[in-house]
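In structure tokens below, several structures.
Two complexes follow with subunit A in common, the first pairing it with subunit B and the second with subunit C.
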Partner chain A sequence: MSSNRSTESGKRRRFRRMLVDRSIDVVLLTFSLLMLLPLVFLVSNGFKTPQEMLAWPPTVIPANPTIDNFAAVLTQTPLLRWILNSILFAVMSTIAILATSSIAGYILAKFRYRSLNIIFALVLATAIVPFEVYMIPLYFQAQSLGILNSIWALLLGYLVMSFGIFLIRQNVIHSIPDELLEAARIDGAGELWIFFRIVLPLLRGALGALGVLAFFQAWTAFAWPMIVATNREAYTIEVGLALFQTGFTVDLGRLSAASALVLVPSITLFVILRRNFVQGVASTGLKE
Partner chain B sequence: MATVEIRNVAKSYGPTDIIRDINVQVPDGAFVVLVGPSGCGKSTLLRMIAGLEDIDKGEISIGGRVINDVEPKHRDIAMVFQNYALYPHMTIAENMGFSLRLAKQSKAEIDQRVGEAARILGLTDYLQRFPKQLSGGQRQRVAMGRAIVRQPQVFLFDEPLSNLDAKLRVQMRGELKDMHARLKTTTIYVTHDQIEAMTMADLIVVMRDGVVEQTGAPLELYDHPANMFVGSFIGSPAMNFLTGTVRHDGGQQTFETASGFRLPVDAAVGALDGLTATLGIRPEHLQLAQTGQGLGGKIVTIEPTGSETFIVVQLGGDRISALLRQRLMASIGDEIWLMPQAGTTHLFDSATTRRLG
Partner chain C sequence: MLRRKRWLFAMLAILPTLAIFAWVRMYPIAETLRLSLHKWDILSKNKPFIGLGNFQELMGDRLFHEALLNTTIIAFGVLIITIPTAMILAAMIHYRTRSRASGFYETAIFLPHVVSLVPAAMAWKWIFDARLGPLNAFLGMFGIEPQAWLFDPTLSVISVIVLCSWQALGYAVLIYLVGFKSLPVSLYEAAKLDGASGPQSFWFLSIPMLKPITLYVSVVTLVSGFNVYAQAFVLASDAQGAPGRQVRVLVLDMLENSFRNYRVGYAASEAVVLLVIVLVLTLIQFSLLRERGRS
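Take a look at the complex of A and B:
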């Protein structure tokens, strides 16, 4: 009798747990669909004719799919050039940010000089100043260096990321004990050796996360590329996309097609680095 | 192998003196343990020997060579840390061979020495694994292996067993001792655990507040503590202290406790009649006595462990503990009389806490 009752209550408990699990699934699914929907429409709009684009209700799968938009974007605008500019800019900026953040973050975390505290405070302080504030002085610098309309001008504003330095510093403090470095010093390793062979390999997760953040920061940068690139050939994709919205009209079809094309590299990168990114974010407690 | 000499060494962080004028001689091939409570400066002293902390004053020499300004890597030492400090991204073999690789030894030489150390420590099957795949005891062994392969003049150990559970600690204690017996390398070992110090050391250096309280062989410290601190720190359970007065009674010296009990004084001390002193009695040196003899009081705690019985007794204003070899048919609240074995008590000057006689 009692065993019957216990199996009965066990069943009920399992059922309740399953109900909770399913409800969580439904909620999460709903939100992810809501977040994905604009992307789906973006891609599908790229394949629509102008008439269908404006039709109501909107269709998810185009009735008469066309690749005219893509063809037009690829032939009539230097879209590939812009993508290339963006990739080059984002990759170089990422490399620069990874290098500066790892060196500065490691030194700020592990070397104890009083002056370093002041430097760290200054680094944090720069994070408070919006980029737009020093964008114009930086522009004049780029101009006096004679590097406007080049990748170097784009990079000028994206070599160092104070958040990156902070992220790496926290990660070093959190995951690399002093004893590890001391053991290496006693074992006969020099400081550079320690940095490259011990510190960097242990920061892989954090550097992966920072790399993705840095890449997207440069990839989605708009204001800075907009002011340092004045000829069409030097545009990044963000600036280029804005061209589709002129003062009086918005060419929705081409804009969608171009945007869909632009998604390809960023999604690819995210897929490649996804594990590093999730790991890095989890290990640093970083959330955005 | 080498002697290590620490001469008038001092260190301070800002206004805080961490190490104050310390002198220690570590004989060639000896196993020396630096022991003391947290914050006594023992780890700092070890790190100064290793070259991880600067020496503010004084000199440290290894094998006759003053190493104050020598880089850690050129001091010919190997150090084992409390948290093992294994490189997580390297295999056990790479961890152990790390220093040899840096010293540009040939691959064959590295493999041979790592293999030999792994064999000694029973790690041969784990060489291709990573540290996180090993248990605490195995990791500690890898850390020891990393020290062994360097064949240094001096081994430094900084509380290497503190992260292990009690059973493993006892086992590793034995292994460390074996290793020292085999290699005979001069070893300096830091711990806060006096049992580790007693069981492993040839020579113990007891430290407190940055000074050496006493240096000596384990049993020497146990039998003749130089002051009350050493008396209470060495030995477990801790020594009992009773304050009172030394009395001269017809040619015989006795000690009268504050609660009025009288005990014979063993120490060959001069005429100290009327001196306020402290008598130290180890719990294991107390034995049952007839009613009215020695110290009498009510039992407050009884803890039988099978082989022995630990009791705490209230003596007027004092409490003393005793570790009795026999089983006790008594219960809490019962009256009991205890007497120290002849020749086992220690007399200290209450004012200076120094040993008398």
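Take a look at the complex of A and C:
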């Protein structure tokens, strides 16, 4: 009798639990789809005729898809050139940030001199200053170097990343024991050999995360490319798109097509590198 | 001898990075501070020192006031929407961690944070569009008149807030998820034995224990809110099609003063105001954290 009742209540409890699980799933699923909806429509709008853009409710899969918008965008604007500029800028910035962060992070983690403490304090103190605060003087530096409207000007603003130095330093402290380095030194290894052969391979995970972070940071940069690239050929894709829409007529079909051309590869890249990316972004929250 | 060699290696290795750092970070930051005290229009050679003159002028500058007000409203608007939503979403995703769909939820909510600003803003430009946009059509089903979302002074600020929140949410959820994973499981088990329901342990356990994370995410959200530029630039063109004029934000006002009005010193003083706001927010975060540590 009593055992019967307990299984009865256990069943009810399990049923309730399942009900809660399902309703939470429904809420999360709805929310996730709502978050994705603007991007889905953006891509599908690229394939729509002007008439279909007006349809209500908006169609997810265009009734009679057209590639006119894409053709128009590709002939009217140097879109591919802009994409190429962005890729080049992002790749170079990533390389620069990985190089500067790994060396500086390692030195600041494993060598204990008072002068290094001062350097680290400076890195930390400038980390909280937003780029927007100092980009105007930086613009004049680029100008006096005569590199405006080139990849080098874009790169000037994205050569170092305070957070990157910090991230690598934390990683070195946590994952590379002093004993390992000492043992190598006793075996007669040189400092450079130690850095390239012992330290860098151990930092692969952290460098992967930082690299993806740096790439996307440059890829989505807006204010800086906006001021240093004023020549149509020198635009990055973000600037190109933003200025393309300020023409007299705003043609949403073409804008969507152009945007979709940019979004699809970057979303694909993100999904492939998701793990690295999430790890990198999550570590920004662990500053303390 | 060996010690000396090691010291030399450390200094030589850090020198290039330090030089770049000084050149593209510290120097321009110092230059911003210096220029803010000078009057400099790009054309003239001399830059007379005028003390706090620029800041005095800012106090009476109507465009600057408008920009500061809009930016503040946007930053706090995004904060108010993002933090509670992110916390609840993260709690639910954390609760369903073992479900196969949790990866999908995470990715879907995070995706708007990584896609480029401008294409994403284009999507919202269509949604808010007065004539073509689905938002007006949707509201029309309930008998609500179509609104000029991107041209009305109040509605356009709201539109920018919606776009920024959509983008900021993914980051906040991700950081909260890290936070939830670090909470001690035993505490929740004890609460459950004492008869606490899920929402109760969320309210009485999770929220207080996640306070440092909430503080951190709030400051990050506010700081990026104060730096808003691209979103307003794309979304809020005025009737003549001039980008960003409808919702004037600090960064836009600063860039206009510098590159359209050629008043670099004046623009630098606006940058200093931005810096002070960011510093104050960060100081508040640290002092609140320290207070917590002491009690």
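To be clear about the criterion, the second predicted complex is superposed on the first by the 230 of 288 C-alpha atoms of A that agree within 3 Å, B and C clash if a C-alpha of one lies under 4 Å from a C-alpha of the other, contacts with A are read in each partner's own complex, and residues count from 1 in each chain.
The rule is simple: a residue touches a chain if its C-beta (ideal position, glycine included) is under 8 Å from a C-beta of that chain, and two chains touch if they have at least 3 such contacts.
All of these numbers come straight from a predicted model, not from anything done at the bench.
Participant: With both complexes overlaid on chain A, does A:123 touch subunit B (first), subunit C (second), both or neither?
Facilitator: Second partner only, subunit C.
Participant: For A:189, using the defined touch cut-off, is the partner it touches subunit B, subunit C, both, or neither? Pick first, second, both or neither.
Facilitator: A:189 sits against subunit B, while subunit C stays out of touch.
Participant: In the overlaid three-chain picture, which partner chain does A:177 touch, first (subunit B) or second (subunit C), both, or neither?
Facilitator: After superposition on chain A, A:177 lies in contact with subunit B alone.
Participant: Comparing subunit C with subunit B, which touches more residues belonging to subunit A?
Facilitator: C
Participant: Report, in rising order, the residues of subunit A that make contact with subunit B in one complex and with subunit C in the other.
Facilitator: Common to the two interfaces on subunit A: nothing.
Participant: In their complex, what parts of subunit A are in touch with subunit B?
Facilitator: These residues of subunit A touch subunit B: 177, 179-180, 182-189, 193, 198, 201-202.
Participant: Could you pull out which subunit C residues touch subunit A in their complex?
Facilitator: Subunit C reaches subunit A through residues 5-7, 9-11, 13-14, 16-18, 20-21, 23-29, 31-32, 35, 89, 92-93, 95-96, 99, 101, 104-112, 114-120, 122-127, 129, 132, 134, 137, 166, 169-171, 174-175, 177-179, 198, 212-213, 216-217, 223, 226-227, 229-230, 233-234, 237, 241-243, 251, 254-255, 258-259, 264, 267-268, 271-272, 274-275, 278-279, 282, 289.
Participant: Which of the residues in subunit A come into contact with subunit C in the complex?
Facilitator: Residue list for subunit A touching subunit C: 20-21, 24-25, 27-29, 31-33, 35-36, 38-39, 41-42, 45, 53-54, 56-58, 100, 103-104, 106-108, 111, 113, 115-116, 119, 122-123, 126, 128-138, 140-141, 156-157, 159-160, 162, 165, 191-192, 195, 216, 219-220, 222-223, 226-227, 237-238, 241-243, 245-248, 250, 252, 255-256, 258-260, 262-263, 266-267, 270-271, 274, 277-278, 281-282, 284-288.
Participant: List the residues on subunit B that touch subunit A in their complex, please.
Facilitator: For this pair, the touching residues of subunit B are 50-52, 72-73, 75, 77-79, 81-83, 85, 87-89, 98-99, 102-103, 146, 150.
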